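Attaching a single structure in structure tokens format; questions to follow.
Letters A, B and C name the chains as they come in the text, with residue numbers starting at 1 for each one.
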């Protein structure tokens, strides 16, 4: 009896997961359909799949540049952000210099501003200094955007690492450098990974900033998606579904692999073991 | 900490103004210095680029047939200059959809970059691109390149694609694609004998079937046809036109009603909008525009260009008012031979003669003012090549719409594409009109789009109130920018959507 | 504290002195902060007092507070945008939290479920889909002629065509529904994290003591998990306020103005009309609002913390 309940329970959970996943499944399915199949009414569940869309997608000239840009910008920006945030969070956690609370608060309120509000002065600044369409400056800007969240998460985790470790490390003759990177950092790994992944996903899907302060050289995939929505024959459904399907692979894979860390990471440091 | 924050705030005010003024001064200076230099370039040398290899960047319109045609034809240009002048050209293309095109161009041009050397711009952007000096004024270029001094098909062409301010002699663009509104109808449904009988029985007139029939058709007569073909249970409707809030779709479709029924958008001389746009006649036109929704498929309030193509090519509607430029997309393989392209019907305002004035579409080529000498030279060679008779004819053969009298007057022009006859017809002076080229175009357009969209979707129910709101808002915008001489009246404070 | 000595030392030893250590640790974040945040904010503040249109070719022109007055006094302007945005945020976050928490509790007890990891990945997938793609596809799903929802409506309920995105009554809620679809998994994630932060010992003790579920919930689970839940709600509120990418492909603020949120209006004024001065003023107002909102939240958070620490 209880076995049955258990199986029903699992079935219900799977059903819910599938319901949430359904629109995405629809998009992936559409990437294998021809255009008329996608537009067919009633919607076709069974159809003859075709790989033409994928062939077309990878025959586009700019696609590899765009994918490369997406990857480089995301990983670069988030790496910088996490390193910088880690150092800052360590300082806030251990030394609590005056103004810590004020700074943490300010970081958070920046994150609250809508995209256009943030990018407006930055756009003018970039125009004035000639930094538009530059990989470096775009990456630094993305890094800035990833810092608030990372600092908050890492500080939470660092608060949970007892200062005894620091003291022991120093007493044993190690430098602060050793203490920070060799002793403390490994202990906040879930926080680092959670911060990394969340911000990676944000930059990965980021459209507005790339459109405004990026340019021809730094175009990424969300930009390609919005520009490619309309093609000569109307809405370019095949391109959108194929591009989206390809693009979503990386984040989904990351969520699968690092799920454990994500769950622990989002506890902001209140849990040290498994969730 | 608080003290240093205040100090920073104080010094902060200095920084933006200084560097922005510096930027503005540098911009003005470079344009001033650059202009005579370019002229000198054309006068002296004949071909300085022989043996060189140059990269050109074109910004086009995503998902727009004529733009991609222009882009696809550029290898022909490369061959041409290789043979004639001995240099190599390679092209890179960037695209942005209509709704984002100006954004893309402006954010690049404001940095004075050469990211885009040639831009396919929508005709209404001429003012916004010319005013800050971002594009090249072409009067001198045309003077020095007689091939560019072309006899255009009608004055409308010059007014729409070339001059800014309206009515002046300053030329800023050259037509890339001419475009007019056409009515695409399903000829196969019209020719079906059963349909013809049923229609004759119901209305006691024949279904129109030829170009001439439609040329003489009024909206009242057309309404009978649209009603006849509106059969929701068969998933078929009689008519579709643009109502979408995005970009200029609702505006272009509504202006067809407004102008044909005798209204005006503004007084171009004085910049007066209030009192001109919000007349009771225009409000009645707005109601009429909304009334036609009943013959359109559900979801018509979101129909833009792409959706219009989709509903027509999927066989959901009998007739669509659509830009001639997307003819190649409207007439798919499956619809080959089943589509007739005719002029859209005349409107008859109460107490007036029937007439038709429809929106003008199309895009000009504009040249980036910040191109270096090489790229400028190539851009001008490109224009010279584009307007050669052979190129224009090739463009037409591939589905494009050139604007010069020579090509359009050819005997075989009407046969090249199904819509060419309608295109020529609507291009004649007085049948098509463009709206303002003012630099404040974008703001004025978005106010109007919101208003029209709000009315057709039922968010606002009083057409006169909507027109008042739009007219007042637009007048305020023009007054703030100095184009309108008089301030909006006091009653404007009461308007809202 | 040993005094700061200027000596050539290898990089690692830079970390030795406490003062220089703090400086080194904070230097990168402060540089970022100043360059990408402080300077732009001041620029924004300064520009808000000018009338500056990028396309006019004319230099900025000082107008004092006129931009602010124009914004605050405009009809169909900022007050409506704000009220729409607040409604969006409030309803969205509430639905996402309730639904997400429910799902979180459901998934909490499923440690032994086969394929749990995959199921959770599927559940979290909506969060990582590019909003531009979500918007475009849901527009298709909602389409009255081609969309699957209308098809189901016709087939199952024989209903007439429902134009979700074209109907001014429905459009707002249709967009909100998509937002909820995307972000409920986030609240589920936070709930799972929050539940995980409850010490197992206390949970087991409560079970052994046969404490009824409701009391278990309030005494044990809420007591430990509320910090994370509040943080999740805070993060979601912040992000919801910024919604832009999703709306553009779906309705672009329409029909009429029903889905015009603050981010959309600002985007239009700043990057379509290029009214830099006016947009800066608008952005400054949004900044003040977001500071107010964040303060309120932090206050509430710290209240609970203080009460908890004191208790």
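The working rule: a residue touches a chain if its C-beta (ideal position, glycine included) is under 8 Å from a C-beta of that chain, and two chains touch if they have at least 3 such contacts.
None of the values given here were measured: they were computed from a predicted structure.
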Completion exercise
Higher number of C-beta pairs in contact (A-C or A-B) found for A-C
Exercise for the section: Specify the chain most distant from chain C by Cα centroid. Expected result: B
Practice task
Determine the centre-to-centre distance between chain B and chain C, using the mean Cα coordinates as centres, and give it in whole Å.
Solution key: 38
Fill in the blank from the handout: Here the gap between chain A and chain C, centre to centre from mean Cα coordinates and rounded to Å, is 14
Practice task
Let me have the rounded angstrom distance from the C-alpha centre of chain A over to the C-alpha centre of chain B, please.
Solution key: 39
Handout entry: Multi-chain contact residues (two or more partners), chain A
Key = 39, 41, 124, 212, 226, 229, 235
Problem - Junction residues of chain C - those touching two or more other chains - result: 39, 43, 47, 145-146, 271
Exercise for the section: Could you tell me which residues belong to chain B and also touch two or more other chains? Expected result: 16, 20, 103, 107, 110, 235, 310, 314
Completion exercise
Within their complex, chain C touches chain B through residues 38-39, 42-43, 45-47, 49-50, 52-60, 75-76, 143-146, 150, 160-163, 165-168, 251-258, 260, 268, 271-275
Exercise for the section: Report the residues of chain A in contact with chain C in the complex, numbered from low to high. Expected result: 9-10, 12-14, 16-18, 20-21, 23-24, 26-27, 39, 41-43, 83-85, 87-88, 90-91, 95, 97, 103, 105, 107-118, 120-122, 124-125, 140-141, 143-144, 147, 149, 151, 175-178, 180, 201, 204-205, 207-208, 212, 221-222, 225-226, 229, 235, 237, 240-241, 243-244, 247-248, 251-252, 255-256, 259, 262-268, 270-271, 274-275
Practice task
Could you pull out which chain B residues touch chain A in their complex?
Solution key: 1, 16, 19-20, 23, 57, 62-65, 68, 92, 94-97, 100, 103-104, 107-108, 110-111, 113, 115, 235, 305-307, 309-310, 313-314, 328-329, 332
Handout entry: Complex contacts: residues of chain A adjacent to chain B
Key = 39, 41, 98-99, 102, 123-124, 127-128, 130, 132-133, 211-212, 215-216, 226-236
Practice task
Write out the stretch or stretches of chain C touching chain A in their complex.
Solution key: 11-16, 18, 21-22, 24-26, 28-29, 32-33, 36-37, 39-41, 43-44, 47, 103, 106-107, 109-110, 113-115, 117-134, 136-138, 140-141, 145-146, 148, 151, 155, 181, 184-185, 189-190, 192-197, 224, 227-228, 231-232, 235, 238, 241-242, 244-245, 248-249, 262-263, 266-267, 270-271, 276, 279-280, 282-283, 286-287, 290-291, 293-295, 298
